[in-house]
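The data blocks that follow each hold one structure.
Shared chain: subunit A. Partners: subunit B in the first complex, subunit C in the second.
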Partner chain A sequence: MTRTSRLSYFSLYLLWILFFVITPVALIVYQSFFNLNHQFTLQNYRDYLSSSVYLRMTLNSFIFAFLITLLTLLISYPAAYYLTRLKHRQLWILLIILPTWINLLLKAYAFIGIFSQAGSVNHFLTFIGIGPQQILFTNMSFVLVAAYIQIPFMILPIYNSLVDIDPAIINASHDLGANNVQTLWRVIIPMSANGVRSGVQSVFIPSLSLFMITRLIGGNRVITLGTAIEEHFLTTMNWGMGSTIGVVLIIIMFITMMLTASRRKGGVKR
Partner chain B sequence: MQSPETILELQHIYKSFDDFVALDNINIKLDQGKFYSFLGPSGSGKTTVLRIVAGLILADRGKVLFDGQDISKLPAEKRKVNTVFQNYALFPHLNVFDNVAFGLRLKRMPQDELQERVMQALKTIQLNGYEDRMISELSGGQQQRVAIARAIVNEPRLLLLDESLSALDQKLRQQMQYELRSLQQRLGITFLFVTHDQEEALAMSDEIIVMNEGRIQQSGTPVDIYDEPINHFVANFIGESNIVPGTMIRDYEVEFVGKRFECADAGMRDHEPVEVVLRPEDITVTTPNQGKLVVSVDSQLFRGDHFEITSHDEDGNEWLIHATNSIEDRDKVGLSFSPNALHVMRFGEKEADFDRRLSEYEGDES
Partner chain C sequence: MKRFGIFAVIIVLISVFLGLGIKSLNQASGQGNADKTLTIFNWGDYIDPQLITKFEHETGYQVKYETFDSNEAMFTKIQQGGTAYDIAIPSDYMIEKMRKAHLLVPLSKQKIVGLSNIEPEFLDQSFDQHNQYSVPYFWGTLGIIYNDRYVKASEMQHWRDLWQPKWRNSIMLVDSARDIMGLALVKDGASMNSTNQVQLQKAATDLDQLAPNVKAVVADEIKMYMSDNEAPLAVTWSGEAAEMLANNSHLHYVVPSEGSNLWFDNIVIPRTVKHKKAAYAFINFMLQPKNAAQNAEYIGYATPNRLAKRLLPKAIREDKQFYPDQQTVRNLQVYQDLGPTWVQRYNDLFLEFKMHK
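Moving on to the complex of A and B:
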C-alpha cells in the first residue's frame, strides 16, 4: 500500500526523467552513429578522435571552463566567508541571488554595452589617460562575463557549508593554538570542502558547453565544444557530428562529477 | 607547608554585552593544582569568566594574570590554557588521532614524539584503539573523552571545562565526575570547571565559586559553602533549605517563628534582623512534646534514599524535612534540631566581612 502510493507520487517525476532526460540522451547517442546520408557508421567518432581541430576545441573548452571555475572560486570563497560574518545576511544573500533571475541574454547584451568601444569601461580608461582598448571579443572578457554569471552558483553552496560550521569549533581551533590563517587552512577550508565541491560541479560542467556568451562576448574567436555543437546543428546541418560532440561532452561531465564527488564512503554526517 | 603558587588571578574584571552587565567586578585567585568550580544559574556570568580566561573574548576592564604575567590582551592561541567545550567542538573532518594531535601539530612537534604523546593521552582517557575512528562514530561519552584528551595532550597548566558533563546522561555523568577528579589529581593540573549543577560542583571541587548576576557571591570549600552560605541566594542554590526571617537577640541566640533558639552564630548587632537557614536533613522528627517546633504534614514523597516531607506550623510557615522513614501520624509532629544546625545570615554582608566575623567568633570558642 505505502509502496504503491509512494511510487505514484514518484511517477510524474519518473515520466519527466524519461521524456526529457533519458530519451534525449538516448537519441543523441543513437544519432551520433549516423553520417549525413543516414547510414550507420563509426566515422563521426573516428573523425573526432583523428582531427586536431576537434581535439584542440575540446582542450580549449577545458581550459576555458577551468579558468572560469578558478576565477569564480577565487572570488566566491572569500565573498562567502565574509558573508557569514555580516549582520543582515539574508539581505545580502538575496542581493546575490537577484541577478540570476534576470535573463542570461539580457545580461550578455548589457555587457556588450559596457565593454564596447563607446562603452563605460572605455570612457573610464580614456578619462584616466590610457585611451580606449579592445575589450569585447577577447578571451579575457569572455572569462570575466562567464565568471560573473556563475558566481551566485558558487557562492551559495560554499556559504551554506560555512554557516553550518559551529562557531565553537573555530574557538576550539584557536584554543589549541591555531591563529586565523592556520584555522582557515586546517579547519574552515576542509570543513567547507563539500560546498566547494558542489560549487565547482555547478560551475565547471555548464561552463564546458557555453555557447551564447561565447558568441556574444567572445565573438567568433573563442570556439568551444558548445559553439561547435551549435554550428553543426544549425549551420552545417551535420547532426551526426554534433551528436558525437554532445556524447563526448556528456562523458566529460560524468567524469567531472565522479572526480568531484565526496570521497568518504557512507557520507560522514555532521 | 609551602604555600601553593597562584596560577591565575582576575583583577576587577568587568564585561557587558550591549546593555546586559555580564560581569561586575570579578576578583579571584586560583592556586596551582586545585580543582575549582564556577557554579551559578544560567546568565550568572560563569561562562563569560571562562571565555575571558581562555581569551575567546576580552574583558571591558580589568586584568587577567597568568603566572604573574598580564595576559589580558593576549589572543586565545597564545595562551597556555586549553578548554573542553560544552558540546565538545571536536573536528568532524578529522579522526580521533588527528583531533588529539591538532595542538601538537601546530607546535611542529616531531612525528615520533607526537605519536607517543597522543597515544599516551588516549590511554589516559581509556580510548586506545580508537585512533582511526571518525568523531561521528563515537558515543557522547567517548566524544567527551576525546575532547579531554585533545586538551590535556598539550599539557596546559590550567584546564578550562565549560559545562562539560551536561550533555551526558545521569549515570555516565557520575562516572565522568570520578574520572575527572582522579585525572586532575593524577596530572596535577589546575581545573576550572564551569557548571550549573550544584551536586557536580560539590562532588568534585576543592573550591567552589558561587556566582549570580555577574558577581561572585561566595567562594570556599564545598563543606564551607554548604554549611555556611553567606546569603539567601547561596543557601537556596546549594542544596535545599528552609530559610525563615528572624532576629538576632544576642550572640548565640536567635528568634524566629516567634520562638527563641540557641544557635552557633555570633558577631552581629543585638536585635539585628537576619535570615535563618535550616537544612532539611538536619531536622529530626520526634514527638510533639520533645519537638522544638510542632508541625502538621502536607505531603510525603519517596525519593529513593529518603522521604521528602513538606509540612507547616501553626503560623503557616512551611518546613521541608528529609527523613529516612515516613511519618505515620501526620497531624502533629515534633521537629528537633541541634543549635549547630541553625545558620544565621545577615542581610547584604560582604564576603570579606563574613569571613572575618566567622574567624573571630570561631576563634572565641577554641
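Moving on to the complex of A and C:
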C-alpha cells in the first residue's frame, strides 16, 4: 500500500468523524447556550445546577445505570466463562447475539405481556398460591428488563477476552500450586479485565439515558435523564435545555471512559 | 469471501427488484403524475381508507397519505418544508402556534361548501377566530375511564374522586402535561389555561398528593392495559376511550361535569401546499354529511358536523359518553397556546410530579 492511498483512507475516516461525531457534538454544545427566545445565555446550565429536580434525576440515572451494570456483570461474567468451555461455542454465541436482532420495542412489549396482571408470571404466582403481584411499573422490573436488553453487550467483550487467554497460562498456574479459586482470582479475572471494562462502558453509558423502557416498563415511575431530553425535544421544544442535559451526559460519558480506561503500567502485559 | 460476494449480489438483486416493483405499482396507480395529487398529513389511522378511495374516484386526484404521531413532530416537519403537504390535521393549540409561526394559508370561504353543516358552537374557537385557517374534523374531551368490576359509577363522577385513598396504586394517567395539570386546575374551578403562579403551584402540590394513587404515566399503551383489566381507572381522551370501550364491555367513560378539556382536530392548509384546488376539494368532500358520518362511524370520535351526526345510528348519536349533554359541554375548555415559557412551566411541574414518590 502506498502512502497516498493510506492517506486517502485516513481522510475518509477523518471526514466521517468530522460529520457524524464532531459536528453533532458541537451543535449540541452550541444549542445548549440558547434559551427559548434564541438568546445567548448560560441560564440553562444555571437552571440545571440549581434545580433539585434535575439533580435528583441525574442521581436516579446514576443509581439505575449502576444497578443495571452490576446485574448484567453478575450474570454475564459466569456466563461468558462457561461459554469458553462449551463444545459448540459458535452456536451458543449466536444464541446470545440473536435477541439483539429483534427490535427493542418488540422486546419491551413482550415483557409487558409477561409481567402484566394477566401475564404469565402472575399466572404462575397465582398457581403456587402467592397471588398476583404488581410487577410492571416497579423499579425492579425496570432494572430486570434493562439488564436483559444489555446482557449481550456485556457477554461478548468478556467472552472475547477470556477466549484470548492462553490455556497454557492456566495450566502453569495450577502447576505452580494455585487452586481453582486462586487461579480464577489471580490469573483469569485480571487477564480478562479489559473485556470487563469495555463491557461496563458499553452497558453503563447507554443505561444512563434509557427512555423508552422507562415509560413502557417503568410506567414513568422511573425517570432518568433520557426522559427529560425526550420531553425537551418533543414536547416543550426547548432544545436549549434538552441540549444542556445532553452536554451533561456527554461529560459523564467521558468521565466514565476515563475511569474505566485500561491502565497500561504494571498489571497485565503480554 | 466468496460467499460474502454472493450474499452481496443477492441483496442488490432483491433491492433492484423491489425498487422496480414500487415504480411499476406507482405508475399503475398514476402516482407518477404529479399534477393530480393531494398529499395529506394526518394522524395514523385517522380516516376511513374507503373515503380516500371514494375521494379519488369522485375527483380524479391521487391521494398520498402520510402520518405523524405528535403535533410537535408535525410542526417541525412542516416548518422544515421538505415535503409538499397540501392538507394537515393538527389539534387546537397547535393551530394557534402554527398560525403565529406563519405556517398556515388563510382559507378563502367562497371556495368552501358546507361550512354551515358544522355545529355553530364548534366554530369560531379561540385558537382560530372566524375559522380563518381551519375547518373542524373531529372533537373530543378528556375524561375518566373506569372498570365497573372494581369501581361503581357513583364513586367516579368528578376529578376529586381520583384523590380518594381507596384508589391507591390504581390510576393510569396519560403522559401529557397540559391534560394532567389541567385536571388538577379545573377540579378547583381554575382555568385549564391558567397562568396564575398560585393556582399552578396549588395544582402541582395536589398532584403530588395524587402520586400514591398513580400506577403509571403512559401513552398509547393505556388502551391495551385498560382492555386487559390491568388497572381499574385511567385518565385519557375520548377518542382513546372509544377504542377501549369497544374492546372491553366493563369499561365506561365519564366527562366530569365541573369541566374538562374540549379538543379539536381541524383541517388546515399548511404553507407547504402545492395543490390548492385539490386541498379545497378534500375539505369540501369531508364536509359532506354522508362522508363525515362514515368517517365518524369508522374512527369512533365525535363529529362536529351536525348533519352528519343525524345520519349516525341512534346508539352512537345518543351516547352521553361521547356526545355529552349541553350542561357539560358548556363547562368544557379549549387549550390555548400559552407560549413557550408557560408550556415549559407546565411541563416542569408535571415532570416534578412524575418524580414524586
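FYI, the second predicted complex is superposed on the first by the 259 of 270 C-alpha atoms of A that agree within 3 Å, B and C clash if a C-alpha of one lies under 4 Å from a C-alpha of the other, contacts with A are read in each partner's own complex, and residues count from 1 in each chain.
As a working rule, contacts are C-beta pairs under 8 Å (C-beta built on N, C-alpha and C of every residue); 3 or more make two chains touch, one makes a residue touch a chain.
Computed from a predicted structure; not experimentally measured.
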- [ ] Please work out whether A:175 is in contact with subunit B alone, subunit C alone, both, or neither, and reply first, second, both or neither.
- [x] first
Task: More subunit A residues in contact - subunit B or subunit C - done: C
TODO: Have a look at where A:117 lands relative to subunit B and subunit C in the superposition and call it first, second, both or neither.
DONE: second
Open item on the list: Just checking: does A:187 make contact with subunit B only, subunit C only, both, or neither of them? Give me first, second, both or neither.
Closed with: first
- [ ] Tell me which partner A:137 touches in the superposition: subunit B (first), subunit C (second), both or neither.
- [x] second
Open item on the list: Quick one: is A:36 in contact with subunit B, with subunit C, with both, or with neither? Answer first, second, both or neither.
Closed with: second
TODO: Under the contact definition given at the top, report the residues of subunit A touching subunit B in one complex and subunit C in the other.
DONE: none
Open item on the list: For the complex, give me every residue of subunit A touching subunit B.
Closed with: 166, 168-169, 171-179, 182, 186-187, 190-191, 193, 268-270
- [ ] Would you mind writing out the residues of subunit B in touch with subunit A in their complex?
- [x] 54-56, 75-78, 81-83, 85-87, 89-93, 102-103, 106-107, 134, 136, 150-151, 154
Task: subunit C-facing residues of subunit A, complex - done: 36-37, 53, 56-57, 60, 112, 116-118, 134, 136-137, 215-216, 219-221, 223, 227-228, 231, 234-238, 241
Open item on the list: Quick check on the complex: what are the subunit C residues that touch subunit A?
Closed with: 70, 72-73, 75-76, 169, 172, 175, 177, 214-219, 221, 224-225, 228-230, 340-341, 343-344, 347-348, 351-352, 354-355, 357
